[in-house]
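Working notes for the structure below.
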Amino acid sequence: MTEKTESEYIRRDGRKVDEMRPFSIRTGIFRNADGSAEIRLGGNWIVAAVYGPKEHFPKFQISQDEAILNCRYHMAPYSTSERKSPKPSRREIELSKVIRTALEKAILLKEFPEMSIDVYIEVLQAEGSTRVASITAASVALADAGIPMRDMVVGCTAGKIDGHIILDVGEEEDKEGEADLPIAIMPNLRKIVLLQMDGKLTHKEFKEAFELALKGAMQLHEAQVKALIDKVKEMGMLEEVRSNEGSKEKNAS
Amino acid sequence: MTTNSLESKVVVPGEVIANSSYRPGDRVIKIRDKLYSTVYGVKNIEGRQVNVIPYREIYRPKKGDTVVGVVVGYGNSGWFVDIGSYTKAFLHVSEAIRGRFDSRVVELSDHLKIGDIILAKIIDVARLGYFQLTIKGKGLGKITDAYFLKVDPVKIRRIIGRRGSMINLIKEHIKGEIILGRNGVIVFKGNYESFEKLKMVIDLIVRKTFASGLTNRVSEILSKMVNKNDRKNGE
Amino acid sequence: MREVRRRTLADILRIKQVHKYIKENKRIDGRDFLKFRRIEIKTNVVKKAYGSAYVKIGDTIAIAGIHFDIGTPFSDSPNEGILITEGEVLPTASFYVEPGPPTEEEIELSRVVDRGIRESEMIDLSKLVIIPGEKVLKLFIDFNILNDDGNLIDAAALAAVAALLTTKYPNPEAIIKVEGSIDLKEVERIPLPIKDIPVTVTTAVLNGKYLVDPSLPEEVAADAILTVTHTKNDEICAMQLLDGELDYNQLFDILEIALEKSKEIRGLLLKEIKQ
């Protein structure tokens, strides 16, 4: 593959091989949750909410050592081209597990023995790479909730289509491509906490894909930090008073 | 590019906030030769120690804390109380009633019912099991007829202020009784207008917690409020 | 959500506040008694669905999405398409919601929203027929509550109606012409045949006072909660006493209030749709 070929290849949605889709992250979007965040990545629109740390039930299940992390990844019926039944599918259950085990590595669970922390991810619109976008939003929601973590968690995908290694796999590319590689990392500690692969890649191709995914993840990490700093600029209000016209906040700042 | 001084103090989990010439304080961990924040909050340096003050945090009771809770259940010899923490608190009958409690004669619910709000003190924080409370003490006990505000427990420290400077300032200007629970509950006994004033002030403190000159700002607002009232009453 | 047995300390304190404020003839958020909280309506928020809407009433958030599928008509209505409404309160919405099968409240919520749309005959179901007696379109209205600060019904109903008003559906005439298997998504789309615009208004009664659009603590403190749906011709097409007991005169007072507010909300909705 000559450099010329790489720079000339245009993807189905017009992107270059190392281009992310447009993305943005916001935090503090739900009033009731202890922490919450929203991510848009291309056509993906995903929200995450955190409740906890809180008392865990049933009591016989508690760990005297550390908190129990519950995680649910779920897709709304209107999130896909074909209506999706609200009942959890096997895919959703697998992704819930994979996301949970990744987040467990970052959260300082030992600070909350006998408690539980609940993470709820809802995919409102799906367009490829939902699990890495979900975990990226979930990490921001956990930080928003004040949950102590060793590091943030951020994810990104890379893949292979038409022989080219690409960054941030879209829905069509996932269906028609030769490989799909979702990863999630703790960016400051430089550790991998989620890693899956689908398809066929040579070792050389894998290395290229992995490094591309890392680059994308670091870009998303910047957006995570920005979301948390932006929220500080509009600090929350008292639990007792609910925003009526919204004007109170505008007047105060 | 101007840097907002507040922005430069905001930190997120995993962020490097100092080198090892500093000591790791609250919510800071040391890995090799760097200090990292573990929470979303504000960096705070005290001498050679670096702390992070979180924006929100679950309430962790300490012995001696005054808290406001709600009775949620009856036990064998006491009441279960929710104090908004990660487990319930327990108020033993002997910490609530003088003399002996004879369950053949009197019911627990005759003293405290489910839904009653109480002002209590933490007397024990056993690692496993419930926090232990007492309502034997001056001012402690059932709270009837009051207004309540709930804030994140982290904010209570700022509402109290350094050596009580903030809360004393507020008490000077607002007529009524203000009680602060360490678990983030503020109790107010007074009239509706005074409560609305208190709400405004607390709202400002919660929003601008880390802003410099906050105490002065609050003082200004409180003086304005009082002046308006004086004029209204023709004093 | 009203019937939750264990509540957080913060919520219990808010509920006590409602009672105290009522004595001063005030609501805890300073609203007029007959005023809705700030309403935000956005349509076309989920591109994969045929229609969608995002509604925020105060801090309560609802999203509705419309999907289509092909099916066989019910034997007692061979010349009508099928309407299916299903809603879920997401675990993101509140401390008390756990993932699991639909609760009584969620099912009641879905059915009340459905009733408003069905009984008002908002959609001309005869225009959803492909082959009479054999093949019809199934219209799925799915909605979710993302944050619960009370009055889920008005938020969900408003989101469902706003989504339907901006939905474009597969033209049955184009479907008949296709031979073999069909990808519904590829079929030419036309606007849904709308015959009415039902609007739901919920009112709580507390100490003899009427509170329109109750927030969560107001719902819990209320003596009664009544939901009324009106058509654009001022007819009542659905009602539900959600909780509590109502005096006869209170019923008729609330009906009047609901009618007036429904006109306001319908106006707001139409303004939003036109943009």
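Couple of notes before you dig in:
Residue numbering begins at 1 within each chain, and the chains themselves are lettered A, B and C in the order written.
As a working rule, contacts are C-beta pairs under 8 Å (C-beta built on N, C-alpha and C of every residue); 3 or more make two chains touch, one makes a residue touch a chain.
Worth saying up front: this structure is predicted, and the values here are computed from it rather than measured.
Comparing the chain pairs B-C and A-C, the larger number of C-beta pairs in contact belongs to A-C. The most distant chain from chain B, with centres taken as the mean of CA atoms, is C. Separation between the centroids of chain A and chain C, computed from CA atoms only, is 30 Å.
Note on chain placement: the centre of chain B and the centre of chain C lie 39 Å apart, centres being C-alpha means. The residues of chain A that reach two or more other chains are 54, 239-241, listed in rising order. Residues of chain B in contact with two or more other chains: 148-150. Contacts with at least two other chains are made by residues 10, 13-14, 17 of chain C.
Residues 30-33, 36, 43, 45, 47-49, 51, 54, 72, 74, 76-83, 86, 88, 118, 120, 122, 124-126, 239-246 of chain A are the ones touching chain C in the complex.
Those residues of chain B lying in contact with chain A across their complex are 6-7, 10, 12-16, 27, 29, 31, 36, 38-41, 54-58, 86-88, 127-128, 148-151, 154, 199, 202-204, 206-209.
The touching residues of chain C, counted against chain B in their complex, run 6, 8-10, 12-14, 16-17, 20-21, 24, 26. Contact residues on chain C toward chain A in their complex (touch as defined above): 10, 13-14, 17, 28-31, 37-38, 45-49, 52, 58-59, 61, 63-67, 69, 86, 88, 90-95, 99, 140, 142, 144, 146-149, 185, 215.
Across the interface of their complex, chain C is touched by residues 69-70, 72, 82-84, 115, 117, 145, 147-150, 183, 185, 192 of chain B.
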